[in-house]
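Look for chain A in each of the two complexes below; its partner is chain B in the first and chain C in the second.
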Partner chain A sequence: MTGIAPARPVRDPQAVAGRAGHTARRSRQLAGMLYAAPTALIVVVLFVVPLVLVVWMSLNRWPVLGAPTFNAPANYAKVSQDPLFLDSVLFTLKYTAIITVLLSLLALGLALAVQERRPGVAFYRAAFFLPGAVGFAAAALLFYGLLNNDFGPFGFLGVNWIGTPNMALTSTIMLVLWRFAGFNMLILLTGLQAIPVEVYEAARSDGATRMQIFTKITLPLLRPTIALMLILSITGSLLAFDQFFIFTNGGPDNSTVSMVMVIYRNAFFRFDLGGAAALSVVLLVALVALNALQMRVLRGGRA
Partner chain B sequence: MRYHISMSALAVLFLFPLAWSGWSSVRGQPGSGQAGGYGFGNYTQMAAFGEGLPTYLTNSLLVSAMTVAGTLVVAALGGYAFARFSFPGKNLLFLAALAILMVPYATILIPLYVLLGYIGLQNSLVGLSLVFVMFQLPFALYMMRNSFEAIPRELEEAALVDGCGTFRAFSRILLPAVRPGLITVGLFAFLASWNDFFAPLILLNDGANFPLPVAVVSMTQRTFGAIDYGMLQAGVMVMAIPCLVLFLVLQRHYVRGFMSGALRG
Partner chain C sequence: MSRKLIAVATAGVLAAVLAACGGGSPGPAPQGGQDAGPVTITMWTRAATQAQSQRLVDAYNKSHKNQVKLTVIPTDNYQPRIAAAAGAKQLPDVFAADVIFVPNYTSQGLFLDITDRVAKLPFKDSLAPSHMKLGTYDGRMYTLPHTLDLSVWFWNKDLYAKAGLDPEKGPTTLKEFAEQATTVQEKLGKDGKIHGTFFGGNCGGCYVFTFWPSVWAAGGQVMNEDGTQSLVNQSPMTDVFQTYRTLYDNGVTGPTTKEEQGPTWTGFFPKGTIGVMPMPSTTLGLMPKDMKIGVAPIAGPDGGESTFVGGDSVGISATSQHPDAAWDFLSWTVSDEAQVEVMAKNKDVPARTDLANNKYSAADPRVVLINSLVAKGQTPYALKFGQTFNDPQGPWLRFAREAVFGDPSKLASLNGAIDSSLQQ
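Right, the complex of A and B next:
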């Protein structure tokens, strides 16, 4: 929760001393609760209840049709024995590592290249970001055609873009870099622009080289923003679904099946909602723990 | 100069796939809706696919409209409450709303699918929109609370002293003042609901209810016959063009969403 300041104490205009002030404050409290009521309704019904429900479902045999029956811990035992899931964990981790490194480097390069205001920069920024305005599903379908050798423009290269496990992963990485580089560039730009110009000027007048300015000033001051970008990239990649469902369809030979795809397959192909819920709980706990850890690192960077 | 040459080359690299997709959607291909030359044959072909483009487009527009409207109402009222009032449970509720960011999207869709069944909203566009509103809430609420806090209190106090109720003060004075925040929140809500693929895939099971992304993806998963790639790119364009136009028109408001720190969960 770093970066979110706690609500400022409210100076109540009607909070006058005495009984009249007391009732006025009560009615103001009530008004506040009324305004917050839709938020509370949504948060409780569509967030808190599903969180409890997913845990309960994971403890039951839960078919799509018919009554659930308690069977704990069978669903969790299955998780550890599902070879497709275990493979998907390794694959998703590998994908996350590659994407996070490449995406961060590319985004940092782009952000540094367009950080100064000069003629043409607004156009470059828009060009790099424009793929990010397109929905991810649409982007995946675009690449599905673009990298089809009969239809797309790259057929003459004779590369089998999604035919082998390595090429399928490589092609997916190109798709994700294209779609998300601008998004991450924009995040880094907000951090770069928060660095006061005076800091750079002082360093320059002290005779610092460009490399020194980058490693001694830009990078350390950018650390919280880089951490934020890493969190978003890691979490997003661990939850990858669209790109592998739409673009490679898990293939070839289940070589590009991500963790979330296994959850989906369990729920809607094997009709085993309990098993899907158990996988969800495992993933949820892992990601919340990872997020908490990353937040601590992020906070450390800020202190 | 070298800077501009390399940057232009990069820009072309990023823009090329979009340009290619637009070109392919109108290019003629033997055996497709556009047999030769250039024209909108692929689009008319796509318009007749499955339940028909009008159905999918209407579904997408309905879901986006309900999501944007729902997010704006809930986040504006909630943002006002969190910025200006104190009441029991306030901080707990705010933290609970922000915690939505901490919980991975994909992992609570399975229970949401079951839950919506309990309350009669399974396979319903209303149910899908409510789920989108929930996913938008952390960003929207944070953004709106900050917008309301940025308004000088004197503005509202003057209205309250003049005998306005808090709701009159809210709707007449504060709401117009937070318009930029509302535009940003609405834009993010639109882009998310218009483009999302996973939530409708799980929560809807009737083809007549599918929004565009699910419908167009189903073009690639036909069990018989070859995939019509020209028609597919026409589908990509129908999905992408509204987003590209909105982004170019509302770029400033989009970037404000990044600047606000609201992504920082």
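Right, the complex of A and C next:
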């Protein structure tokens, strides 16, 4: 989501006053480009160059040492024959659907609960948001310890937290909800507070019920904020890695292997950098398409 | 004035870009051999064999001007870290690797050819044979043995005595192993704290290390010679799986056996809660001092003895700038001095067969037994070993878990997946 900041017109009274018009314009343009240069440089070095490189890698057989050899489109042909990747696509989509619904509902509930200024509400806001301050990898390890059947404080319950495919997914969802609900709540809260109080007052004086206010005013005016939250949540879930890599290690029996884990495995366990790059490109294209579609759908209603 | 400013700034940006594209090599690096003064070389090792590497490095640093800086990397992350470093040409001067990954690393060209240097060692013929075999690729040698880690059965003599078993008689067949584990479970396991046995049930490498020796002891094989065809769907592998399956079904194994992913599988025995289980020989020197432990070779269903000769090999990375300094360290680690006074002194298996009997091993008959197994054990060879057998998403772990805990009717197709992974 990195973009080049729009260059602002430079107001240099001396230049405008003392020189010919076109020189001043040229100078302003140059200065504008100069202001944008540091950001542009970062974008080029950290985004464009790696992007071009990964596309080039995906067209080659790329050993960890030694010279790559061009073999397109072999790496892409392999994608559809990798059963682990195909399984991981289905699993990642399933995970994304579940987590997006649950996370949105939970975040909306929390945001509505702490929306109004009341005594003690600051405490709850902080408490809900606090898990978001824990690093995600650390949170995954924390849950691994908490739910461990040998030494974890919740092990005594006798529940096999990560022993079966369904429990492993359920436990991971609990982890993600705990970690991200507060952050999504914060996003929705900013949207809620941007709704002018006058609108609510007008609705109330017209005799609208609480339910009507929620469905006819809050939700429609919250739409752009919800769109932002959905895009962040869906993109983040499709790129899920830490929670499955650290918490369930893809198990049991490969039931929780996400797409990015397969890419990681191909690159760093099988040394197939070209194949991993091809999977990355496929995933990137799918994500861009999905985001474009989402933007259109969510904007379409407002226009 | 503003134009001058722009020119200066543009030059600065250009310089920054050029510097970024320069690849970060700070001037010409000194060539090996012509190093002026003491050199510090870097070394990586995995956490599993950290204790041994650390002792060797400390002893070397104490007695040499050149110094070795050791970095320890979590075992599970070792392979990805090596791959990432190799891709970025950032490998350390020297790195150890799990011996079974070595054929893959040599085929990728990660190690420097040290054939001529090895040939000059007076004891070259007594270097641990299976490690040397796996370090040889297309007739050239790339690695030396670094640590030897053998799988053996440990039994807890105190628990045996309490359970009414003879504490001095460990199992000599896999059937006896199962019987003794079951007895410990039945006699002492009522309160749920003591268990008959344990194994890493969600850990591909653990299965390989602890189950395969029973197959070899029975005269069987797990793969063909070239490591391209799986034989794990045949007897005696299937008999070995059946024995452990029965133990699990009867509740003789610790409660987290099925979920154990590897990091903690050796942690239960030292707590004194397990009767008898396969363990790595390198942990013998780390056991609690007051614990009475018996050591027996891993046996097949009806006898025989074998072991998985695991551990690490060490080589000089292909991109090292200090190959001579690196070789000075490597050749020292297999010298009499290092092998006897560092390795053997700490109950570790020497990397040389001519040092199997030394002044330290004589004091502990268990160490003599372990040392003698080097010649009887095996190290399986396969170019695609790691991605097939160690990788948690690889086909072998699914196969082993279905065989021990799940649905044996799936084994035929899963064995096909092992074959295709080996042949990739």
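Simple rule for what comes next: the second predicted complex is superposed on the first by the 265 of 303 C-alpha atoms of A that agree within 3 Å, B and C clash if a C-alpha of one lies under 4 Å from a C-alpha of the other, contacts with A are read in each partner's own complex, and residues count from 1 in each chain.
Note that in this section contacts are C-beta pairs under 8 Å (C-beta built on N, C-alpha and C of every residue); 3 or more make two chains touch, one makes a residue touch a chain.
Just so you know, these numbers come straight off a predicted model, no measurement behind them.
A.B. asks: For A:Ala267, is the partner it touches chain B (first), chain C (second), both, or none of the two (neither)?
C.D. replies: A:Ala267 contacts both chain B and chain C.
A.B. asks: Which partner, chain B or chain C, touches the larger number of chain A residues?
C.D. replies: B
A.B. asks: In the superposed arrangement, does A:Ala31 touch chain B (first), chain C (second), both or neither?
C.D. replies: In the superposed model, A:Ala31 contacts both chain B and chain C.
A.B. asks: Between chain B (first) and chain C (second), which, if any, makes contact with A:Glu201: first, second, both or neither?
C.D. replies: Neither partner.
A.B. asks: Name the contact category of A:Ile162: first (chain B only), second (chain C only), both, or neither.
C.D. replies: Touch partner of A:Ile162: chain C, not chain B.
A.B. asks: Return first, second, both or neither, reflecting whether A:Gly66 touches chain B, chain C, both chains, or no partner chain.
C.D. replies: Once the two structures are laid over each other on A, A:Gly66 reaches chain C alone.
A.B. asks: Just to be sure I read the superposition right, which of the two partners does A:Val257 touch: chain B = first, chain C = second, or both, or neither?
C.D. replies: In the superposition, A:Val257 touches chain C alone.
A.B. asks: Regarding the shared-chain residue A:Phe143, is it in contact with chain B (first), chain C (second), both, or neither?
C.D. replies: First partner only, chain B.
A.B. asks: Need the overlap of the two footprints on chain A, from chain B and from chain C, as residue ranges.
C.D. replies: 12, 30-31, 34, 38, 45, 150, 249, 264, 267-268, 273
A.B. asks: Quick check on the complex: what are the chain C residues that touch chain A?
C.D. replies: 2-3, 6, 9-10, 13, 16-17, 20, 79-80, 83-84, 86-87, 89, 104, 108-110, 202, 255-256, 258-259, 261, 264, 318-319, 386-387, 391-394, 397-398, 401, 406, 424
A.B. asks: What residues of chain B sit close enough to touch chain A in their complex?
C.D. replies: Residue positions touching the partner: 3-4, 7, 10-11, 14-15, 17-18, 20-21, 24, 29, 73-75, 77-78, 80-88, 90-91, 93-100, 102-108, 110-115, 130-131, 133-134, 137, 141-142, 145, 149, 153, 156-157, 160-161, 166-167, 170, 191, 194-198, 201-202, 213, 216-217, 220-221, 229-230, 232-233, 235-236, 239-240, 243-244, 246-248, 251, 255, 258-259, 261, 263-265.
A.B. asks: In their complex, what parts of chain A are in touch with chain B?
C.D. replies: That would be residues 1-4, 6-14, 28-36, 38-40, 42-43, 45-51, 53-54, 57, 62, 110, 113-114, 120, 123-124, 126-131, 133-138, 141-146, 148, 150-153, 178, 181-182, 186-187, 190, 228, 231-232, 235, 238-239, 241-242, 245-246, 249, 260, 263-264, 267-268, 273, 276-277, 280-281, 283-284, 287-288, 291 of chain A.
A.B. asks: Quick check: in the complex, which residue numbers of chain A touch chain C?
C.D. replies: Result: residues 12, 15, 27, 30-31, 34, 37-38, 41, 45, 63-66, 84, 149-150, 160, 162-163, 249-254, 257, 261-262, 264-265, 267-271, 273 of chain A touch chain C.
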